[in-house]
Structures are given as C-alpha cells and as structure tokens.
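The two complexes that follow have chain A in common; it is paired with chain B in the first and with chain C in the second.
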Partner chain A sequence: MIFISHVSAEEQPCSSQALQTLYDPKIWVTNQSGMDLSEAALGNLRFTVATVWVKSKRRQAAAAFPQKLVDGRQTVHTKGGKYNAHAPTGLAFSRETFAKLTPGPFLQAHLQQPEPIRPNGRSLHAFRTPTIHTGSLSHSNGSAVVRLGDTAVVCGVRAEILLAADIPHPPSEDTSEDDLVERLGLLVPNVELSTGCSPDHLPGNPPSTSAQALSYRVLSLMHTSNLIRPGDLSIQYMEPASDDDLPDEGPKTVTKAFWTLYIDVLCIALDGNPFDAAWAAVISALKSTRLPRAWWDPDREMVLCSPLANETHGLRLDDIPVASTFDVFSTGSALKQRSEAESWVLADPDGFEEGVCTETATVVVRSEDGDAGGITRLEKSGGGAIGKAAMGRCVHMAQQRWREWQGVLHGG
Partner chain B sequence: MQSDRRRLNPPPGGTAPPVFATVPDAKPQRPTRTRKPDEHRKLFLRTGIVPSASGSAYYEIPPQQQQQTGLLVPQRSSLKITCTVHGPRPLPRNAAFSPNLLLSAHVKFAPFATHNRRGYVRDASERDLGAHLETALRGVVIGERFPKSGCEVVLTILDGEEDGWGAGGTEVKGGGWGIMTVLAGCITAASAALVDAGIDCVDLISGGVAAVKYAGRHGGQEDGVVVLDPAPSEHDGEIMAACVVGYLQSRDEVTEMWMKGDAGTQVQTLIDEAVKAASLVRAVLAEAVKDGVQAKVGEAEDEAAMAGSAKEGKGKRRCSGIYEAGHLDDLLVRTPF
Partner chain C sequence: MPLDTSTYALAHLRLDGRRWNELRRIHGQISTQAAADGSAYFEQGNTKILCTVTGPQEPKRGGGSSRDQSNEAKVEVEMNVAAFSGMDRKKRARGDKRVQEMQYTIASAFQSTIFTHLYPHSTITLNLHVLSQDGSLLACALNAATLALIDAGVPMSDYVSACTVASAPSSDQTLDEADPLLDLNGLEEQELPFLTVGTSGEAGKVLVLLMETRVQVARLEAMVSVGLDGCRQIRGILDGVVREHGRKALESRVS
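Coming up: the complex of A and B.
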C-alpha cells in the first residue's frame, strides 16, 4: 500500500530520493476515502507519457493528464494554492505503475483537470455502449449475451412446470394477482460471478456477499416492477360441465400449473458494473423467451406441451425498466472538514473505478407517457457525498440512458 | 435439487421439465452424418476475450445445417466453451513449498447448457472432467519454471453436446458420449488460453475424439466403422466405443487418453483416428494462437508509440482463418469505447 505524504512545500525532499518520499515513516496512512493528493508527492514523481494505452481516447486522456507534471517545472495547481515543482531527475514511473501504486490519487489527478476525464478515456457522464445478441443458446427458452465495454454476461431462461397441487401453501382466493408471482416464487434469478471472470472471482468458493446481493437485487426489482404478469405463466384448464353444476353456472376455469422461469446469468468477463449488464441480460432474455403451448391432460393427470415452434407464446413485457449505476469518488475523510472535500459522480464505473470508490448509486427508470419518466427504484449506499442536487442529475442521466437502451433493446 | 442457502431457490413445491406430446403428422427426420468419416466439423477459436484474466479463449462448434422442422427441440446442439487462465500467481503464505507450478483446472457446465438443467454446485461428472483436463495439461506445461506459484484454469461450458437426439419424442439415452466431445473441446480451449496467458508449454496440445459405430437400428454403414469427431445427435444409439486424446503433434506424444465402451478389435484404429482428429484441430489452434499473439504485439507496438501518433490500435481481431464465425461473435470483439 502506498502512503501519501503531507509534506509541505518547503520540505520538499530531494528529487533523487523521490522513492524515499513514498516510504518515509513520517508519512501517515490514509484510507481509501481520505485521499489527499500532496503537491510534493506529485511534483517529485515524474511519469512519462511513454506508456500509452491503445484506445485512442485513452491516449487522449494520457496526453491530457500529465502535461503539467511531465516536465516538473510547470506550476501545479492543486487545492491549497500554487506550488512550484522543481525539475525531478532520476526516477520516472509509468502510468500503469502509478495507477497500481496509488489508484486514488491517480484518479483524482485525472478528475481535477479543467476538463475532467477518466483514466479509461470517457468523460464523467459517459456510459459504455451496450451490445446485445439474443437467441444463441440451443437448450434455453430464451437467451441473451450482453457486452458493456469489457464486461460480458450471458443469460439463459429455462421454463419448468410447477403443479398447483404441489404447492405446499396455496394462496387464498383473495390474493391479488400482482402478488402471485412473488408468493409462489415463479421467478428464480441467479447471478453467478465465480466463473473466473476476473482474478477476484475464482471458482471453488460459494458466492460472496456481493454476488448474493446481486441476485437478490435482480429478483426484488423484477417483483416490484411487476415485470411478468401471472397470466402469462399460468396453465389453465376449463373443467367440463358435470351433473353437479348449477344450470346457470358456466364452465369453471382452474389454474392447474404454473411456468417457473429459471433465469441464470453467468458473468464471462467483468470490468465493473455487473448489475447493469446483468439486468440488461435478464430483460433481453425474457423478451426473447418463447414458452410452449401447454395444457392439462385429465386422463394422464399431467401437463403436456406442444413441440411445435409456431405454437409458442412470448411474455408480455411492455414497460421495461432500465438500470443505471453511478459511483462517487470523493476526497473527503473523517479527518477533514466536509466542506473541503470534493466529489465527482462517475457514470457506469469500470473495474478500476469500482475499486477506488466506496459510494454507489443505482437508478432504475421506466417509461411514463411514452418517454423516460418514472423512477422505479433508487438505491444509494456507501457514503454521504451525493446530495439532492447530484441525485437529481443522476436521475436525469438515467432517463437519458433509458432512451439509449430503448434503441438497443428494440432494435437489436 | 438440494436447497442451496446461498442462492435463490426454486419454489418449494419442486418443478419438473416440460413433457412434450408427440405430434403424429410432424415426424422429424433424424439428422445423419453428411461429412466423411475422417472429416471434422468446422471450429471457431479465438483468444483474448477476457481482458482482466491472464489469458482466455473461446471455443465453439457452431450448429450444423438446421432442418426447418418447426419443432422446438433443437435438432443439433452446438458446443460453446469459455476458458480463462489466471496465473502464474503466488501461492498463499501457508501453502507448502512447491518446486513446480500448481495447476488446477475447474470445469463447470452452465445451468442452461444441457437438456436437463444443472445446478450450480459441481457434481461428479464435472470434477471428473476437471481431473482429465488436469492430466492433459500437466503433460504440456513446463512446471519447473514457476516454483511457488499456482495457476487456475477455469472453463465454463455454455452449451454442451447432447448424448443423443431428443427431437424424435424418444428420451435422450445416456451413454455419456457427449461428454467426450466436450472434453476434447476443453483441452483445445485450455491450450489456447494457456498460450494467451504466456505460460511456458512444450507444445500446443489439442484434443481429438473418435468413435466406433455399428449399424444399429437405423441401418447404414457396416459394423465397426471408426469415425472422427462423432456428433452424438447424428449417431444416436450407434456408438459402441469412443476415445478422447490430448495430443502433442510436434513431439508425437499423447498426454491424456480416455476410452469408453467396447471397441473390440478396433482399439488401435480408434486411437489412431482420435490422434488424427487432434492433428486436424491443431491447425485451427495454431492459427488462432498466431492471430492472438499478432494482435497483442500490435497493441504493444501502439503502446510504445507516443501520444501524438494517429495510428489506431487493433480494435477488432480477424477471425481465425477459413472457419466461419460463431454465434456469440460480438462477445469477442473488443471495440474501443
């Protein structure tokens, strides 16, 4: 772990001891949220632009970023006033090394420029362009592959039959239809991260807390947004008229079984923001799901399905909610005044930014009057840097993202 | 299925897969093998799909020509395998000293990969596959160059080969022949990923599978014909024995061999055909690995260039040679932001 020094300008150590600055015992440890970018530390570490990332925008970011610091003779404007860095000689760190040693100050230095830019080349509010491909799996009722930058997830939907007679505690007659899907547990999503998608998620361990939380968030979002109607999932049977019936009663329709949808999301590659990608994959897979025509056979007392492809029906999903995640990078810490802290909201964080930021917010938006509108869900955790105004901006960005997604979901 | 307390569980009543009724007037034709006995299906292989891993590869055998029968159950399944390699990484502090690289292979079928839904907990067949794969890779990795290190090879099978043909309304019989083709694919994919990760190997290992079939109840060729790359849906009920080998072509060595069934007098022919299948696969493997390395070298050259250069890095890598693209194609394209 690298330590950031609070060495004042006058005590600037000799440039050939730049490395010593970092390991000086008088330097104190800051935790991740208490990052403070010392003028001295930056001024003495000259990192060259030699290592440039291949993507053109990243190159722009790299070009833009260390301009002030490459030479060392430039004036570094940081909070607390100007500081003249002396020309450093000797040690030079590459960008990658700097990012690995001090991820927080690295990100902060990018964001503190007059035109804030992120290390991956995106602007603060830019989302990654999604790509969706459906129908590629041969054993599923519906499937989707979603790529969001370097994050890739595969979702497969399998439908199985739950007989009404097998339900241990059947819901009473006056249960509202909206709650039926939740009461019976007809949607079973699972997000699996331990597939080797990143070095932190290797198989052999049971799902971590974050993985379990992801599955649960997807499930609760599906229930609260009433995504699937119970009518699409029930298999009904019209009982034939018998002698016991009263003459003016029509034939009764009884629900004999339900379709249960197993929604399995596997993460193939992870570079930040698994929730948005998983939710998009679930939505696309459900949109492309085809359920066979099923009926109750009274002689065999079982449910039979038709194997013909033209007798399948899809699920009615007319109002699709779209999720957008934001991370907040803040320089605040418990040891400083709140007013001194700066914070930036980063849309669609990638793996590096997720490791550095502690605060996160997710906004789920669905349509209202044909355009992006109603907020279905708002989640925020990890800190107090976002206020009402910033949250309002996040909601606005989420609505913009909803419009982008409509094009991809319905066009692709 | 046991209830897994860390995952969301099915409804308490328990669910069953749908049972399809037979439709008398729509009798589908069983697919037959149209290629020659010594011809392999088209393969698709690409490396570098997971940037955060040390190395990765994606292997696919696309579905052959689908007959339009209008039936829901697929005629022929495809095989899709993703492999990621994480390593060499340092062993944990409390681990004993090991002078060689500690290789561990994990194979997992996705829940939606097979006809019957699989759970998330690894079962015996997946552990068995992992053991076979480890045997194959141990013979090819130069372990003594990486003391005190470990390497994880993780495979996820997104779409697995079926054991038989399920569209005729008959049950898919066991026999487990599909898993032989899966193992051959796993060996090839793991080999590509290891090379992508830069782990020293003596050679490229490729997996090949062959089977002995008899005429069976559908008529056809005479008994005891040995075929390369058997697709179980084409040879439903006809396979008598099958063999998978992991083969190093330039050293003419077999690191792993798994034979199932009764091959009778054809044992030697069966092994030879499997080795021939592995040689055919190696051509695709070498092409894919070369493409991957060229792309990496191209990116490294771009990185060495200064910021002002206008040269665009290689965003999209060429497909491997003459083989057609797989269906999860956009999974593999690394587009710039």
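Coming up: the complex of A and C.
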C-alpha cells in the first residue's frame, strides 16, 4: 500500500503564472501513477508514506492575494508578485492574522475578486484529487487508505460469521433480497473521528453528533443503494436428497450462515469533508475485500472456511455510487435584505471553509447507461442560498466528479 | 504447537525463517502529515503504527492553579488501537487498562528524554494510531514516537529505540544456553516469555524494561544484552530514516 501525496500541476487553479510561488513545488517529482519509481518495485505489502507539501499551495494563494486588500489603503496592485509580509505603516494585518480574526470577510475577499479563488488556492468548483491504496493491512479482509488533500482516512473490513440459527427473528420467506441486508444488519460501519485528527476531535471524548451522524449516513447510503448483494454474503448448503422429498423436486439449497462485515473507518487527519473521504474509503475497502470460501459441514454442524488464498472470493460491486459534498458561503444575514446577499458554492470544502460556512449539500451519483447519471441521494441542510438552479449545477459537478472517481477507483 | 521445541533446535530457524538475532523488515518514514507538527509512520514486520505530535502548546484541559506548577513541559500520549488491527475484530473500550498502561509507559520514557525544561507550562501530545498489530506493539510505538518527535523538532537528548527479546524454548530446561530471540512477531509473543527493552543513546541507557511472563533468572542477562544490541541496530535504522529525509529536503532546496 502506498500513501501518495503529490504536488501536481493540475491542482493549480485558473491563474497560472500568477501563482508562481516563492517556493518551487517540484520536490517530490512523481510519475504518472504518482509513485516514487523505486518504491513501485516493492511488493503490495509495502506501505510507503510520502509527504504532503500543502504548505506550498497556501503560499501560492498568498502570492496571488492582492496587496491592497490587506493594507488599509490602495497600493499598487501587486497581484502575482511576491507577497510582502512587512506591510507599510498603517492599519495593516498579515494574511494569517486577517484569517484568524475575521475568517468570514477573509474568505469573502478571496471570492469577490474578478477571478474568484479560495484561500487554499483552488477554484470554486475544483475538487481535491484523491489518492487511494488498498489491501495493505494483513489482518483485515479488506482495507483502504484514502487521502483527499490533507484529509486522510483508513478503512478496514473484517468479516465474521453469523449463523442463521442464531438470528432471533428470522426474516419471513417473502422478504425481498434487497431488504435482507438491512434486516439482518450484515453491514456494520463505524466512523471514528475522536482520534486526534483535528483539534476539534480529541481522543478520549465520546463521539460528537457529527461523528455519529457520519456513521449513520454511510450506513443508510449503503442500504439504500443496495451496494452489497445478500447472495455474496450468504453461505449456502445444498441439502442431500432424502426419501421424504417428492421425486420431481430438486435438492434444496438452504442458507446456513451469513458473513457480517464490520467496516471500521479511522480518521487519521481531518481537513474538511469527512463524508466524501469516509465513503470513498468504504467503497475502496469493500472492493478489495476477499472472503474465504466457506461451507456448512453437516457432520460437525458448523461452518468451515478454507485457508487458501486462491479460494477467496470478492464482492460484486458493479455500480459504485460516488459522493460529492459542497458548502455554500453566503453573505446573507438577518440584518440584510435577502436580495443583497451573495453566495458562492464551494466544492469539496476544507477545514477552514467548513468552519465559516453553515450550509452544506451532498450529492451521491451512480451510473446510468454507462455514464454518470442517476442520483442516489441528495442531502442539504443549513440554509436557503441554494435554489433549484444552483442544485442543478451541483448535480452536474457531482456527475463530473463521478467520472474522475471511476478512473481512480478502477485504476488504482 | 507452532513453536515446537524440536523444530527450533533442528535448524535454529524460527517460524518466519529468521535466525535468533535477525530483525523483521523495518520501514520508517517521517513527515507523513503536513497538518501535524510532527508525524511518522513506522512498520516492524506486520506491526504498523502511525504517530502524530502536536506541541509544545498550551495545555488544553484547565491549566492554571489546578496543575502542578513544575517548570517543565508535560508529555501526553494517546494510543488509538483500530478495531481491525488485531487477529479478531475488537473495539477497544475507552479507558482500556492495557492501553492506558502503554500510554503511561511511553509518556514516562519521553518525559525523561525530551528537554522539557525548555517549554515550561506546556503540553506535548503524542497520538499513536495502531493500524495493524503483530507483536512488539510497545517497542514499535516507542520507535514511531521517536521519529515523530524528531520531525516535530522537539529537542531530545537522543533517539529512543526499543525492541523485544524472548527466550527460545530448549528441551533441557536447566540449561541456560537457550538462544534469546530478537524482535518477536505475534505468534512468538503468545508462546514464549519475552521482555520489551527501550534504550536511549549509543551507550544504551535503558529507559523502558517491561516483562510480564516468567523466565528463569539465569536467562535474563543474555536476553537483556541481546535486547540492547537489537536496540542499537534499530537506533541505526531510525537515524538512517531521519538522515534520508534530511538529505531529500536539502536536495530539493538546493536544486
């Protein structure tokens, strides 16, 4: 498993040489697949972690930040020039002070420029490029590490056997297959945020409401999208023909046990947008999950598993839904007319933007006729700035994101 | 029995094919997360630990008159063992005593190594994430924490390196010629009496020594001396990791 971080040119937003930095980001030169070539030669179990030089991004944005917005007065517009931290006399703050004291106006100043840009250097609709590595944890049936900018998430899938005889209220015969996974609780996700991943989530504290909500959102999305078929998770047994059977009846197949998948998501570092990262980690880990071959032994009345690695089988995940989260920054307030308020939709918010915005929307998209199409889920909360038109644009961006993810999920 | 005494005595090879004084495949990398003050990732065989350091910073909880006014920084350790890390999936309850004991051991080891007098009334927090455990958990955690602290730039007197040593089974229990085995994996830890030793510096000052199983006293000295030598080897590896990182950083600046 390889952790990649890269300083890549495609993450640079619109203005180009304007963002030539103080600090030349060609430290970790990566090839196409983003791996250090020497590391690529090692086997799968090698877990190599590379550095994220995100600080260079912030300096890029700093270089683009017009001097005049920091000084109290009009100075020569030095957009694209080196940012001078020693401002001339007068009421002037350094960039970092401005961000800390008044985060809202700081963000607004960035967005109100003729070419809107965010403090982290991305354009309004730019998502962070994800990197995924699967199958590195030896004790888990499936595992994945997802990095979305500075947000890093590890997911491990463990499979345990649930005997059909142990189910207290077995589902009735006419329960449809789609409901079976939900009824029996065969998928158990758990998103753990209290790991010290950010100053708001210190270890030892009970999970906050947002963390609990994350676990539930992942669970409900897995159920409503019918991600896993119960056929993949059931261990069946063909009963031998007995004398009681009618002659034209074939041998009966009975489900003797089920695999229960415990999906544990651990957040290592949080810089905004935990849901997208957690969902990506869950689907990557499920894609890489290998379940051993299991069968019911009638003599010992128990389930036996084969320890051979070449007899494992994976889960069928044909149609993978992809989640995209958006935050809305709005200047509206109770003291202003509604028409005076301006709002901007920011795709894939990072930690700073999440702290400033109250309104958020998540769109989950899956494929339709081979291309991005069907909306699986729409969630929106926190405010009223997004209307129908803006929502349509968000869905469009989510579909674009779906296409980007297909390359990463199937190529990685 | 996996560690049948006769098997070892025949070829003097352990289950994974190592000899008595061979370490597992060790890999370390520092500065893995730019968002933290210092971070490191360390692997010893299949034991994989990620460590992040924040600090020195103001103490988060209370502070003021409730804390003892010692003019030194306080080292706090939080260890987070992932549910998928062990052989069985097990969610650790908060306040698991075993984890608390390890946290305390690591904190006290670094309390004496770090130059805490330079940062009075502040806290240095270490967050350890155990992604996979296959033996030598405490030793690997100490090594990962050392690398992360070096990445954070916290001044210390020397590297803290640790490893585990066991006493090989021998058919004749009275003989004290049994080989001490270096760097145990999960299976060996369950079967054999072992100790964890953590040292600091080239001279091998012992900071941590933990043993929870019974062994004959006559074997102890050999085990400890093999452990000290193993720690010296690991110290060399940690030093190599730090120097490699420094070399890359320097090269990038120059070019």
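The working rule: the second predicted complex is superposed on the first by the 327 of 412 C-alpha atoms of A that agree within 3 Å, B and C clash if a C-alpha of one lies under 4 Å from a C-alpha of the other, contacts with A are read in each partner's own complex, and residues count from 1 in each chain.
Simple rule for what comes next: a residue touches a chain if its C-beta (ideal position, glycine included) is under 8 Å from a C-beta of that chain, and two chains touch if they have at least 3 such contacts.
In this text the structure is predicted, and so the values were computed from the model without any measurement.
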{"item": "Which superposed partner A:269 touches (first chain B, second chain C, both, neither)", "value": "both"}
{"item": "Which superposed partner A:160 touches (first chain B, second chain C, both, neither)", "value": "both"}
{"item": "Which of chain B and chain C A:111 touches, first, second, both or neither", "value": "neither"}
{"item": "Partner, of chain C and chain B, that touches more residues belonging to chain A", "value": "B"}
{"item": "Chain B versus chain C as contact partner of A:204, first or second or both or neither", "value": "both"}
{"item": "Which superposed partner A:282 touches (first chain B, second chain C, both, neither)", "value": "neither"}
{"item": "Which superposed partner A:140 touches (first chain B, second chain C, both, neither)", "value": "both"}
{"item": "First (chain B), second (chain C), both or neither touched by A:190", "value": "both"}
{"item": "Overlapping contact positions on chain A, where the chain C interface meets the chain B interface", "value": "49-55, 137-140, 143, 150, 152, 154, 156-158, 160, 190, 192, 195-196, 202-204, 206, 262, 264, 266, 268-269, 271"}
{"item": "Residue numbers on chain A that touch chain C, as the complex places them", "value": "3, 26-27, 46-55, 137-140, 143, 150, 152, 154, 156-158, 160, 190, 192, 195-196, 202-204, 206, 262, 264, 266, 268-269, 271"}
{"item": "Residue numbers on chain C that touch chain A, as the complex places them", "value": "27, 29, 31-36, 41, 43, 46, 48, 50, 52, 54, 60, 78, 80, 82-87, 89, 91, 94, 125, 127, 129, 131-134, 248-249, 252"}
{"item": "Chain B residues within the chain A interface of the complex", "value": "6-23, 26, 49-53, 56, 63, 70-74, 77-78, 80, 82, 84, 86, 89, 106, 108, 110-115, 117, 120, 152, 154, 156, 158-159, 167, 169, 299, 302-308, 312-315, 327-331, 334-337"}
{"item": "In the complex with chain B, residue positions of chain A that touch it", "value": "49-59, 62-63, 120-122, 126, 128-129, 131, 133, 136-140, 143, 145, 147, 149-150, 152, 154, 156-163, 166-168, 184-186, 188-190, 192, 195-199, 202-204, 206-207, 212, 215-216, 219, 260, 262, 264, 266, 268-271, 290, 292, 294, 302-310, 312, 351"}
